[in-house]
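Chain lettering (A, B, C and D) follows the sequence in which the chains are written, and residue indices restart at 1 in each chain.
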Amino acid sequence: MSEEVKWNKTISDVNDGILSNLGKPHPMFYAAWIASIICVIIGASTWAWEISVGIGITGKTSPVYWGVLITDFVFWVGIGHAGTLISAILFLFRAKWRNTVNRSAEAMTVFAVITAGLFPLIHVGRLWLALYWFPPLPNTNNIWPNFRSPLVWDLFAISTYLTISLLFWYMGLVPDLASIRDRVKGLKRLVYGVMCFGWRGTAKQWHHYEAGYGFLAALATPLVLSVHSIVSWDFAMSIQPGWHTTIFPPYFVAGAILSGCAMVYTLLIPVRKMFRMEEFIRPEHLEACIKLTLLTSTIVFYAYAVEFFVAWYSGNAYEWGVFEKRAIGPYAFYFWVMVFCNCIFPMIWWSKAMRNNVAVSLVVAVLINVGMWFERYNIIVSSLAEDFLPGSWGHFQPTWGDIGLTVGSFGWFSFWFLIFCRFFPIVSMSELKLIMPKPLSKKH
Amino acid sequence: MATVSKSFSHLARLIMLMALLFQSGCGRGQKFWTNWWTPGDTVDNVGYHPDQPIEFPHNIHVQKLQMNCEYCHSAARRSSSAGIPPLNTCMGCHQYAQTDKEAIQYLNSKWKAKEPVVWTKVHDLPDFVRFTHRPHVQKGVDCSECHGDVSQMTTVSQAKSMQMGWCIECHQANQAPISCVTCHY
Amino acid sequence: MRSIDSDLRGLEDQREVFVTNDQPFESPAKEFVPGPLYKNIEEVIPELAESQEIQDASAAKKLPVDRRDFMRLFSVSAALASTACVYRPVEKAVPYVEQPKDFVPGVANYYATTIDRVGVVVKTREGRPVFVEGNPEHPLSQGSPSIMAMSELQALFHPDRRVAPQIQYGTNRRGDANWDEVYDRLGVRLKDAKKVGFLVKGTTGHGVQFYKDFLKNIGQSEDNLYLYETNGIYNAISEAHRLAFGIDGIPRTDMRRTKLILGVGAEFLDEGVAPIFEQKSWSVGHTFRNGAKGRFVQFESRLTLTGGKADERHVIGPGDELAVTLAVVDSLLKRSEAKGTAAEKANIRAVVDAQRSLIDSTKQRLKLSDDLLNKLAGELLSRKSLVQVGESGAISPNGTLVQLAGIMANVLVGAYAERLQFFDQGWFKSPGRAGDIARFLNEGKTYDVLFVVNVDPAFTMPASSGIADILKGRSIISMQSMPCATDTYAEFALNTHNPLEAWGDEELVAGFWSLQQPTVRPVANSRQPEDILLWAAAKMGKPMGFEDYRSYLRDKWKLVYKESGINKDFETFFKAIQRKGFFVSQLSKRDMPAFGTVAERFQPLPLKSGMRLIAHLDSKLRDGYGADRPVLQEAGDGLTTITWDTWVAINPNKARELGVKYNDLVVVKGPGGSFEASIYPLPGLHYDTVAVPRGRGQKQGLSRITDGVGVDPLVALVAEVDPLSGDPVTSGQTVEIIKTGRRYRLAAMQKHNDIANRRDIMPVYPLAVAVANVRKEKDLDDVPDLYPSLAPKEGDLRSPNSYLFPDWKASTEYRWGMSIDLERCTGCGACTVACDLENNVPQIGREQVLIGREMHWIRVDRYFSGPVDNPEVSYQPVPCQHCNHAPCEAVCPVYATTHDQEGLNVQTYNRCVGTRYCANACPYKIRRFNWFTHKWNVMGDRPIDRNPRALNPDVTVRTRGIMEKCTLCVQRIREGKHNAKQQGRLVFDGEIRTACQVACPSDAITFGNLLDPNSRVAKNRKDYRAYLLLNGKPELGEYGLKTLPNVNYIAKVLHDGSEGIAAGDGHDRSGAPGPAGGHP
Amino acid sequence: MKRRPGGVLAVYRYLDQLTDAMKKIKGRSDFDDHEVFSPTSYHEIEEAADYPPSPVRYFTLAGALTGTITGFTLALWIDYDWPLVVGGKLAGLYSLPAYFIVGFELTILFGGLMTILGMLVMGRLPNPKQRILDPRFTDDRFGIFVPNATLDGEQANLLKQCGAEEIRLIESV
């Protein structure tokens, strides 16, 4: 990040370069979009099947009452972490490189959290009841939700996070929407004009905007850290071995950032290609993203190690039983996939050449996503499958229902993300201009 | 100016829609804020007064004849359900009394055919609610506290909402148990 | 169950009402008369009012909960659409026309009757049986029903019960008929018949006499009656006693006073002579009580529930029971202190000497050392001992000789002299008759007309016995309460009453009569078999002079009445019997003659070599009688936990040797045929043992429950009978196990079989430790509070360390708790069955069990430990532990599971949204989730319309998406509390019994009020061996998970070789059993 | 409706020229109500304009405090409305640690919402009455609009001196 970016563009090229590409994406875009629609159809029909028949179409059983769906939920919430992290925390740290990737990262956050939010509803099977009884709504029964349940915390955390991420994302979009408004005619102009609230770009507006953006970033920072902590409490608050550990909140947050950054990278590469953004999303920015990923990967590695150490050091047979089985038991495959994808493969990024090799880095980033999915799967399934009483032990086998819903969630996410890319600037133009050479009459 | 008036008319339309929705949520037996949001007992059924095979005059039996509720609903003290009297209870008197009335003739025909009279339930709790009359009657809760003043009715209409909140209010006020298992198991 | 007296008061009047309203005999009803119409039935099943036929599947079988879900959605959307007021669905209330006397709607009535040779009390609501409880006063059931008796509920309302008799018209046409036609045609058929025979389910009651009378009446020989009892042990014991002493009958055993039981293939905890009675006696006499514990040594060839409870277990080969018993007899004979007269000893010695080579070769083969046998003989002779022999639920050609050898051993250990086995206070009557089956198989073809009543010979007899030929050539009248294989051969397939609808009686013990009476109006247009015969006799012009079987029974009971010399009139007597359910007049007395000469009859058949099949009775389905009851299929086997399937159990080491694994499909090829089933490597089997349960593999199309379930192992056998008892042989024939290379998964409920070194789950106490601490108490509730400042103040009614709910309105009257004695638990699974039936727990079928979604609220964990060839077996029934610091409660987002003031952890079904978080948080994993709408009418992979009338109206039926779990039978608690409150008192100890407690034949489960210091459960909780599952050792300051359950366990006691020292203080108090004397 | 007066719009290409102009016109009464346009938020502009601290922070504070209070009140009130014991934990203040989550989340939520509101209110957004003076201000050009000025006035001169690329008269806004 210390290296100076070699810009061969000026701020005058920004709007042209970014907006002109919105309307004519690469054919790859349409292929991806159709693929995502097919996935959504698969997911939606699986969901319809589930609603009409019962949650039993998934592989969940006793004792593994949570399975792939909650894995998906945690995975998507985790993905949803990078956006606000990059936007808010790196904003506060004044990391310049974030200005090129923050928009797509935020969009990713919003859609990932929306996707994640679907899973609890899918997961309960009878979503209409959950919708009524989770939030503290007035009712004729005089009964309220239980604020001592981590799931209610989750409801508050996720919905707050979604709202704040959405606001943050949209707030960043406002000046850019004004840019689009100023380039288009007719109805489009009206639509974009309404969407940007009639942003004019006066110094005063920028003044309040900056202040608001700063406060929002300051609010979002603890929020980012809290959300995945709260998600981790879904597990850590129960006394299940493998779940009941104090390391979970930081471990989950690190994991979330790892998966989020990897996902940002995974998304940026094709999107950059589809919308010809190579000039603005420079290799230096991608490399910075990779460095952050690498950092979190080492944190996650550490967390895995500590988890095992504590389980062993505790001398608790139940705790160690779960971890032992994770590593060498029936779920060992998932465990080692997770270790290799999240901890071992990213190590090649210590080499600068590898960091800058897009193909290799993309593969590693995708592998990290796979690994992070398996991490959640591991935590959920292997802890539940064999816990305290051997007589209650069981096994989990994902079914087509699980797979369909997971595929659907990826489709649903990509569908919205691609729509976003098609109609909104995927690079924050106003913020990009800030990190480009300033338009000065006298060259210093 | 046109835009302004347009936005006004838009606003007015919005308000009208809201009012319509509000009104619908405030229909008979519906409280806007509470009933709108809850599943299940959206409508509290107060005033529900279904047609019955015969117009049984509770008022005459209670007021004029001074009959006790438990004379006919004899199971209330001993059982979860109060019980609807079997036909032989009716026929005990009506073999002789008022035999010229149309309703009594109906009863008589049923009695002869050994067919039961099929009544329509008025107070119908969901099946997951395990209400029992027994402790309430033994505690001395008057029938009318839940069923309204039946002595003024012919066939019964529902007087109280019989929603959970209504139960809970009374239980809380009387230090009756309010753990969930009191009614749900 | 509530106090019997108050419930049964005036019952006889009610019975009269019942009888007079029953279908009159003179004019058989044209139509099926529906059960009593009352609004409560209707509340539960709205369809009932309309659909009167049991089979009416066309009516939408949606249960209320689901409909309400729909209405909820609908009403919400309707409200949003601002339509007019939406009312809830309209339901009808239908009162009686004439309400029976003593009937209060919503209040249960109890009827005492006898089912499955067990005295039971049937709880009925609005005229429907809803639960079968044991009759606490009945000496043989002592309050526990048998599994089979409980599950009769499902048979009664079974969807595959026929609702009309079937007649075969000519060769091709077969159709439903009405009863008039049946009587007419039956009369004609009987008139024409030259020889009429009866094959009748074994009974000890007046039924035998009735059939004899009937045969006599139509001019046939009484010998044409054959009693058929599949459990060979009755005939074997009875015949052995006839050979030994010249008296038939089965001696009563007194296991309460026995200090040492030597079992050789003993099966008294599986399917013994009187299983409930024997389990009760065993649990009293042989579990750790008052500082002493009986000893039980078992030799057996397959692992049985009985062997699982043995303190010392030796593995022998299939069929070695005879030689091993003789070896024991031999060792006993060698000792001077052996009991028995010189003559008896000489008789016995003659047998032993004749079998010397057999004994020696077996001892050598099994590596049974003389030391072991001598030590055993010494032990047997030094204390009150009993030898129980059997063949692990199967019948071998030497079955009777095994019993004979057992008698010899008992004579020598003095069991008869000590009155541990006796005939002088009644004796068990054998429901079968020795030789009947062999006779039937020989003579069967000589009959024109053969009645088959309530037995299914076509399925339960091996095909090689030629049963099909016997049934094919004749006019068969099959009278069955459920469709069975025999029906397919029948000219008349008549649907008869379920035991819950029928009259009958049993003389279980000579001089002890139990009455069977209807508890419900017939639900499926069925008839009592005896009534059919009476009417047919009348049709053929030879009336027997009885209106119906009830009057016949009354007539016979007049004899009992006369004998008893009661000074009340007969009507009073009979009404009292109906109320009580049984009658003990004068227990018949017999003097024990000396052991006779048996040597010439003692001709054992040689054993086969190689791997031998043991086709044993299934512990749940028996011979297949229970196979069409989903609850029994789903309850699974106690040892393998396999549901809905037949398995081939072989020793795991043998399996490795053969190269087969768990779930490998193999062909078991026997001399008579072969069958395919999957391997279950079961520890503790002899290497030559191939144990396959019977009862499954029924003919297709009989019942949707049995279709496609398992295989029948009997097809592998060639025809052979025990020459002495005449029972068809089901074990001991050589089979070959051939790999198929295919796999077929067995739906075993338990996936992990050992305890994974987690001894704290099931601590055991060596006997010496248990004895030393027998008077010590511990307070499991003495747990320091996290917030000491919140603890109750001085003078509070609760104990100062009560953590229950400091500062909260916890009840000061009740805190419900349960105690489960692992020392007594035999793993029989009766608790699971009872719970399923009481709490409307759905059965879900094989596919779902394979995934692991069985719904049992109480599961019985079975752990093997120790060597594979001879493991130690431990059981642990796990219901909801009702933790006071319940991990499940805090995590529920919608308060669907909360804590009751009385310590219950309660689940509110209608509030549950199905996050399943509670189930994850539960360390015991006892919560069950409705993955689908299993309900009553859809059962997993079997779309079956079960009858909603078989549901318990006191328990909500759960729809999909709802978590459920053990409630400690809160409906029973409520009932008990209301009753107590009405009388202005607290519930007294034992007044409320949970379903599992009722069903537990060994009284391992205690339920009651923990706040009452004198209650049994509170005392059990203070027992030195008591512990809370996963809650560490509070006495050492380790609190484990600190979930603080209200359910506690009592640890097992192991004989550690110190049993000689065990006879310490507290021993032999009040006749308590315990090892007597010093160790030899 | 009252129209706002027209004025002079100067368009700048370079940031330093703009800040130069801004510094020069700062505090001058004839430049009252002038507006500066920028495609992005350069710190140089803020420094040159030297605005007082944005009052958006009060909005944030008010929102955050409301959120905290709402969160705790909601949870506690609901608990006392029907105190149910779960997991051996008493309802109400005994379970306070659990309610910090709700309190925290609502703090953030309300704070965030109020921040946005504050930004909109203080930035006079949305305001359909205001006209877009030049589309290039959201692209790469800077501008200063001085109301009530004319093309040949002193204000225009000053702006031009600072290097304005273009000076236009805006009739009325």
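Simple rule for what comes next: a contact is a pair of C-beta atoms (placed from the backbone, for glycine too) under 8 Å apart; a residue touches a chain by one contact, two chains touch by 3 or more.
Model, not experiment: these values are computed from the prediction.
The interface with the greater count of contacting C-beta pairs, when A-D is set against A-B, is A-D. Distance from the centre of subunit C peaks at D, each centre being the average of the chain's Cα atoms.
Centre-to-centre separation of subunit A and subunit D, using mean CA positions: 29 Å.
Between subunit A and subunit B the centroid-to-centroid distance comes to 52 Å (mean Cα coordinates, whole Å). The centroid of the Cα atoms in subunit C and the matching centroid in subunit D are 79 Å apart. Distance between chain centres (mean CA atoms), subunit B to subunit D: 59 Å. Contact with two or more other chains is made by residues 128-129, 142-146, 148, 152 of subunit A. Multi-chain contact residues of subunit B (touching two or more other chains): 35, 39-40, 168, 179-180. Multi-chain contact residues of subunit C, defined as those touching 2 or more other chains: 72-73, 76, 887, 890-892, 895, 898-899, 911. Residues of subunit A touching subunit B in their complex: 128-129, 132, 137-143. Residues of subunit C that touch subunit B in their complex: 37, 39-40, 43-44, 49, 64-65, 68, 72-73, 75-76, 78-80, 82-88, 90-99, 104-107, 895, 898-901, 904, 906-911, 954-957, 967, 970-971, 974, 978, 981-982.
Per the touch definition, subunit A reaches subunit D in the complex via residues 10-12, 14-15, 136, 142-148, 152-153, 156-157, 159-160, 163-164, 167-168, 171, 175, 178-179, 181-183, 194, 197-213, 215-216, 219-220, 222-223, 226, 230, 430-431, 433-434, 438-442.
By the touch rule above, subunit B contacts subunit C in their complex via residues 20-21, 23-25, 27-30, 35-36, 39-40, 42-43, 45, 48, 50, 74-75, 78-81, 83-89, 110-111, 114-121, 124, 126-130, 132, 134-135, 138, 177, 179-181, 184-185. Across the interface of their complex, subunit A is touched by residues 31, 33-35, 37-41, 44, 161, 163-166, 168-169 of subunit B.
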